[in-house]
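Structures given as structure tokens follow.
Shared chain: chain A. Partners: chain B in the first complex, chain C in the second.
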Partner chain A sequence: MADRTAAAPKARTKSIKRYNKYGYIFLIPFAAAFIIFQLIPLVQTVYNSFFENYKSGLKMIGPNFIGLDNYKTLFASGDFLIYFKNTMIMWVMGFIPQMAVALLLAAWFTDVSLRLKGQRFFKTVIYMPNLIMASAFALLFFTLFSDNGPVNSFMIQLGLISKPYQFLAHIGSTRWLIAFMNFLMWFGNTTILLMAGMMGIDTSLFEAAEVDGATSTQIFWRITMPLLRPITVYVLITSLIGGLQMFDVPQILTDGSGDPMRSSMTLIMYLNKHLYSKNYGMAGALSVILLIITGILSLIVFKFTASKQVES
Partner chain B sequence: MRNRGKKILALGVAAAMAFSMAACGSTSDTSQSSDTSASTDTSSTSTDTSASTDTSSADEGKVLNICVWNNEFPNRMKDHYPGFEAADPEDSTKGGKIGDVTVNFIVTDNQGGQYQTKLDEKLGAQDSAAADDKVDMFLVEADYARKYVDADANVAMPLEDLGITADDLSKQYKYTQDIVSDANGKIRGTSWQACSAGLIYNRAIAKQVLGSDDPTAVQEAVKDWATFNETAEKMKAANYKMTSTVGDTFRVYSNNISGPWVQDGKIVVDPNCKQWVDDSKKLVDEGLTTTNDLWTDEWKAGFQAPGDVFCYFGPAWLINFSMGNDPSKEDDGSIAHAGGWGLCNGPQGYYWGGSWICAAVGTDNASLVKDIMLKMTTDNDVMKSIATADSDCVNNKEVLAELASSDEGNNAVLGGQNPYQQLADGAEKVDMSNTTQYDQACVEDFQSSMMNYFNGNATYDEALQQFYKSVMEKHPELTPAE
Partner chain C sequence: MKEKKSNSPSVKVRRVIAYIVLILLTFICLVWFYILFINTTRSNGELNKGFTAIPSTFFMKNMHNLFHGPTPVIQGMLNSLIIAVSSAVLSTYFSTMTAYAIHAYEFKGKKAIFTFILAIMMIPTQVTALGFIHLVNSIHLNDTFWPLILPSIAAPATFFYMKQYMDSNLPSSLLEAARIDGAKELHIFNTIVLPLMKPALAVQAIFTFVASWNNYFTPNLILDSKMKQTLPILLAGLRRADWKTFDMGQVYAMIAFAIFPVIIVYLLLSKYIVGGVTAGGVKE
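The block that comes next holds the complex of A and B.
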């Protein structure tokens, strides 16, 4: 926007300024909703995080100002780091296959020379899992992988195992299930984003490479990948922010316990644990830390997309 | 490209906002739907009363608001309270009339603590609410009863303040009164159910392994935990499971603790609960039980014939409603349909479930509330009809004794066995003097934390630490015992 107004002749800036007020009018609904539903709660959360304030039975304890004690408790117990680690492990386990499969599919879908049939159909199908509610999806997996569930009986009938494998009683299998679900739900979305990025690359570059005798592998690694970097970074950071907020899938799959031994408990599930006692203080402190982490990550995205604009 | 992206983004943001607003709207709608119907009734009746006689027609309110979580109590009211005219005979939760008083049921689902949230909100606004909007009665379950009968919280009226005497309650079982007694020993609630429970065994397996399916003979084989575990070994030899899951026995152990879960702000694990951990670990390791949760398909698997689970633990309602169709209904392949279960007392007495009626402080219908409490929870005729019509094991020693000695009490699911003597004996043995307001958290978290130990993902001490941590998240004021 900014560069276009600068380029416009001075005579037109006045009339543009006159029209600008409509822009502000149209912004009012958003701004109002943002301030009421986002900004005020945000400020309140920060404020609450400095108080001891929770419910015990029907009695409300606090609010008593305790400074940074909530933050201290959060870090002193080591819980925060454990749940942060869990969240990151499960995110990485899901993100790597998600990226790999999405890149492969995007490359195939955008490659004109392949002339893939039924592209529309497959693009729709791979996006489908994202349309299912995460909780329904998690419940489906819970049933599929339960002790007497279809997966176990299938494997027993094939003779692979002699007695049911308790998927949710083992740390590895529980984490893999969660990662797998996140992968299934999001690889379609990533594919679409990467495809958009790949289609934005000038086809003459591919043609030139082909004329120069480059193989398709070389084209992918030497031309597609470097030019796709802005999109890849965008996907990475947004997925990381989404991953930090991982909640519904592990919550439903483990019934909120994050078991075995809380190895699948994510940060937001831990936040949710404070709901029972209405512990505004601790929950506030946890939210503020999450806000800071997410803020830093968003700044990276912002920096990245901004610099791209200057280049173009 | 960029413009389109922005348009899509704008559309997305707009959609997200619309969605979040719609979501807000719909939730508030559902949560209030039961209220709105109530409040419209309220306003119409309240104008009536204020316009016409307000001093002469008794000084009591014309609207009775009752908070419940399902249609169980509304159904009992509709079917058994004399003079209750249901507004809709098909759906008791629509309320009705008792004389010229309108009865409203405020129904909030129990799932995920919603009922308590709603109740807290309602009771918190009790002082400021208009007379006809005040909660007059509410129901509670055992796990969180302590929270509402707490003397300091003072939200449930002591029964003696309503004019209900110890004499009125003399036919009730003591444990049902212990659960709703405050620290000063004042009873603040009353129940029509005595959900004492026993050990429900598979008769075919009992015959094969123990040589008899007679309740007294089976009771000999499970009379205490040591004998119970010896019998488990015999089951192992015959390739059967002793219980379906570790959760089956937990309530039996935890109902018989020697001291409360929380003492002086410290979380204490009772020796009997430690015993459950040790016994269960052994059973799990030997494949005699599983670590599945109650109510899962895996837990229910033993309900179907022929069944590989020797016993379940449960009260009358489990036998009558949860284990399959009774023999008079369609064949669903369950052991219940074949009348293949038997009942004995088991290693220790315990109870499972039950609803208590409390009178809300601030009610403007005290005498009606008193009458409902007396009729529904102490009147022999009403309770007999509840027992025969709804198969509730009623909280009335005389009625249970009568049923135990007549064929009316015979149960088809139990192959014609009359369970009432055992249930009545069991109810006498239940000791619930050790309940605290922290029980729900302690009981739930203890079981889920110990699953990690049973499954081999943690040592006992690690699992114990996780238990402390989970309880402290729910009750930050508590600390672990040393």
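The block that comes next holds the complex of A and C.
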């Protein structure tokens, strides 16, 4: 940046300077909206986490300052850890197939020797679930996988089972359904991101490897994967941040109960529950912990995006 | 040599495997929407009899029942539309303006501001929801659309996309020329910069619209009265209802009503959408 200013003719620098106050003026709407709707709520959230403030029957208790007691309660009850574990389990169950399929598809789409036809059609199809309203998608799955829904009646007609399988009454099948929906909604997006990364790799590397007699499997693991590391880490961390926000799908699928036996209750569902019942102290403590976790993860993402961007 | 290589048996086998996997994935992406479509055309009685892959004739009847049922779906769709369109317009306009401020001017603290916006880009809105509800209640905006529309003025992700687009598509010489003409800065932004940003504006408007349209968490905490609720909240309400007494044809009609318009719009605009996914992310 310094170089460019120094290199520019003096007259031009001067003429730019006259207008520079507009830089600040144009930032005002963004800054105002950010301060009012994000920064103040953030401070308020942190502040709330130090107070006893909840609804008991019809009257509100507090706010009374209690220091870190909300945090102690949050961890002592064990609920937080259970819901954190649920969230992570369902995220991993969806993310592993998502990443595996996306890597495979991206490698195929970018492989010149394969010359796959209909790429645009396939990309359009696999990206589509990403734009579907998650709550509608979850309600659809709820009806399709209900006890007398089409999936059960189809399996009975085929003779695979004799009586309906209660998908939402078992821990495993409930979690798999949620993970499967997350997979469906995100593998297309990941494929497209990874493709962009793969297309950025210098093709002469592949050609050289081919001349040296490397197989396509070798090329994938020895050349593509190492060079793709930055973007896979980016996908991993952004997906993890997204996973921690998992809400719509399990909320609608289980009607906010997180059943069976709270095994599909996620952290944000827990937060939503506290917010709804006006348990503000606990909601505050939970928010702050989530903020710290996502903050740390964001820093990692930020390292990728910012390091190059700010320099230029 | 390349030609020979691409027709070798091993490549052919890999190509066949690739097509099989792609067709399978296409199937598991689309089958749910196909069943949804079929079931929207069937009556409650037919639906209770079991699954079939052939459409029936009750589509119009189900839609009629849905529109005249107790759930205000048309109002819900209008509410969703108002909020999503307003958010998309405000978000793209003001975030582009912010990107322009950073792109076109030199001022103190510019780098720090840019870094800061990138740093907050990934922070989810849910973690500040508690303070947000407090704020909305204290300024008496609860149960209105404003708290769902106005925050989109500050959209770090849109900002970042626009900034990247400007870096490669908006030469400063052009702005210099406009200034010599004596145009005011805001005028330059509105009449010269914005038209040049059209492709990027379209992409970001679509993404903001979809995000707002699909949003369930925040509207659910803000909107209380039935006539103000958006589609996702109405769908969640449907989930809570007693299913034994329900006309399933109507349930499928409602889900179809929420999903199919988005699919149609997506198919029309997919070229821009799929292309726009990567542009905002990291480029390696």
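Odds and ends about this structure:
Keep in mind that, in the parts below, the second predicted complex is superposed on the first by the 274 of 312 C-alpha atoms of A that agree within 3 Å, B and C clash if a C-alpha of one lies under 4 Å from a C-alpha of the other, contacts with A are read in each partner's own complex, and residues count from 1 in each chain.
As a working rule, a residue touches a chain if its C-beta (ideal position, glycine included) is under 8 Å from a C-beta of that chain, and two chains touch if they have at least 3 such contacts.
All of these numbers come straight from a predicted model, not from anything done at the bench.
Of the two partner chains placed around the shared chain by superposition, chain B and chain C are both touched by A:37.
By the touch criterion stated above, A:252 is placed in contact with chain C alone, chain B being left untouched. Legend: residue contacts after superposition of the two complexes on their common chain; A:26 is shown touching chain C, with no touch to chain B. When the two complexes are overlaid on their common chain A, residue A:173 makes contact with neither chain B nor chain C. Once the two structures are superposed, chain B and chain C can be ranked by residues of chain A touched, with C on top.
Once the two complexes are laid over each other on the shared chain, residue contacts for A:61 go to chain B alone; chain C is not touched.
Legend: residue contacts after superposition of the two complexes on their common chain; A:122 is shown touching chain C, with no touch to chain B. In the superposition on chain A, A:301 contacts chain C only, with no contact to chain B. Residues 30, 33, 37, 146, 148, 200, 255, 276 of chain A touch chain B in one complex and chain C in the other.
Chain C meets chain A in the complex at residues 2, 5-6, 11, 14-15, 18-19, 21-22, 25-26, 28-30, 32, 35-36, 39, 48, 50-51, 94-95, 97-98, 100-102, 104-107, 110-111, 113-115, 118-135, 147, 150-154, 159-160, 163-164, 167, 176, 179, 185-186, 189, 210, 213-214, 216-217, 220-221, 231-232, 235-236, 238-240, 243, 248, 251-252, 255, 258-259, 262-263, 266-267, 270, 273-274, 277-278, 281-284. Within the complex formed with chain A, the residues of chain B that make contact are 1, 13, 17, 20-21, 113, 120, 123-124, 146-148, 150, 152-153, 155, 290-293, 296-298, 301, 437, 441, 448, 451-452, 455, 457-458, 462-463, 466, 469-470, 473-477.
Touching chain C in their complex are the following residues of chain A: 1, 5, 12, 15-17, 19-27, 29-34, 36-38, 40-45, 47-48, 101, 104-105, 108, 112-116, 120, 122-129, 131-137, 139-144, 146, 148, 150-151, 153-154, 156-157, 184, 187-189, 192-193, 195-197, 200-201, 210, 216, 227-228, 230-231, 234, 238, 241, 244-245, 247-248, 251-252, 255, 268, 271-272, 275-276, 280, 283-284, 287-288, 290-291, 294-295, 297-299, 301-302, 304-306, 309-310, 312. Of all residues in chain A, only 30, 33, 37, 54, 56-59, 61, 77, 79, 146-148, 166, 169-171, 200, 255, 257, 259-263, 273-274, 276-277, 279, 282 touch chain B in the complex they form.
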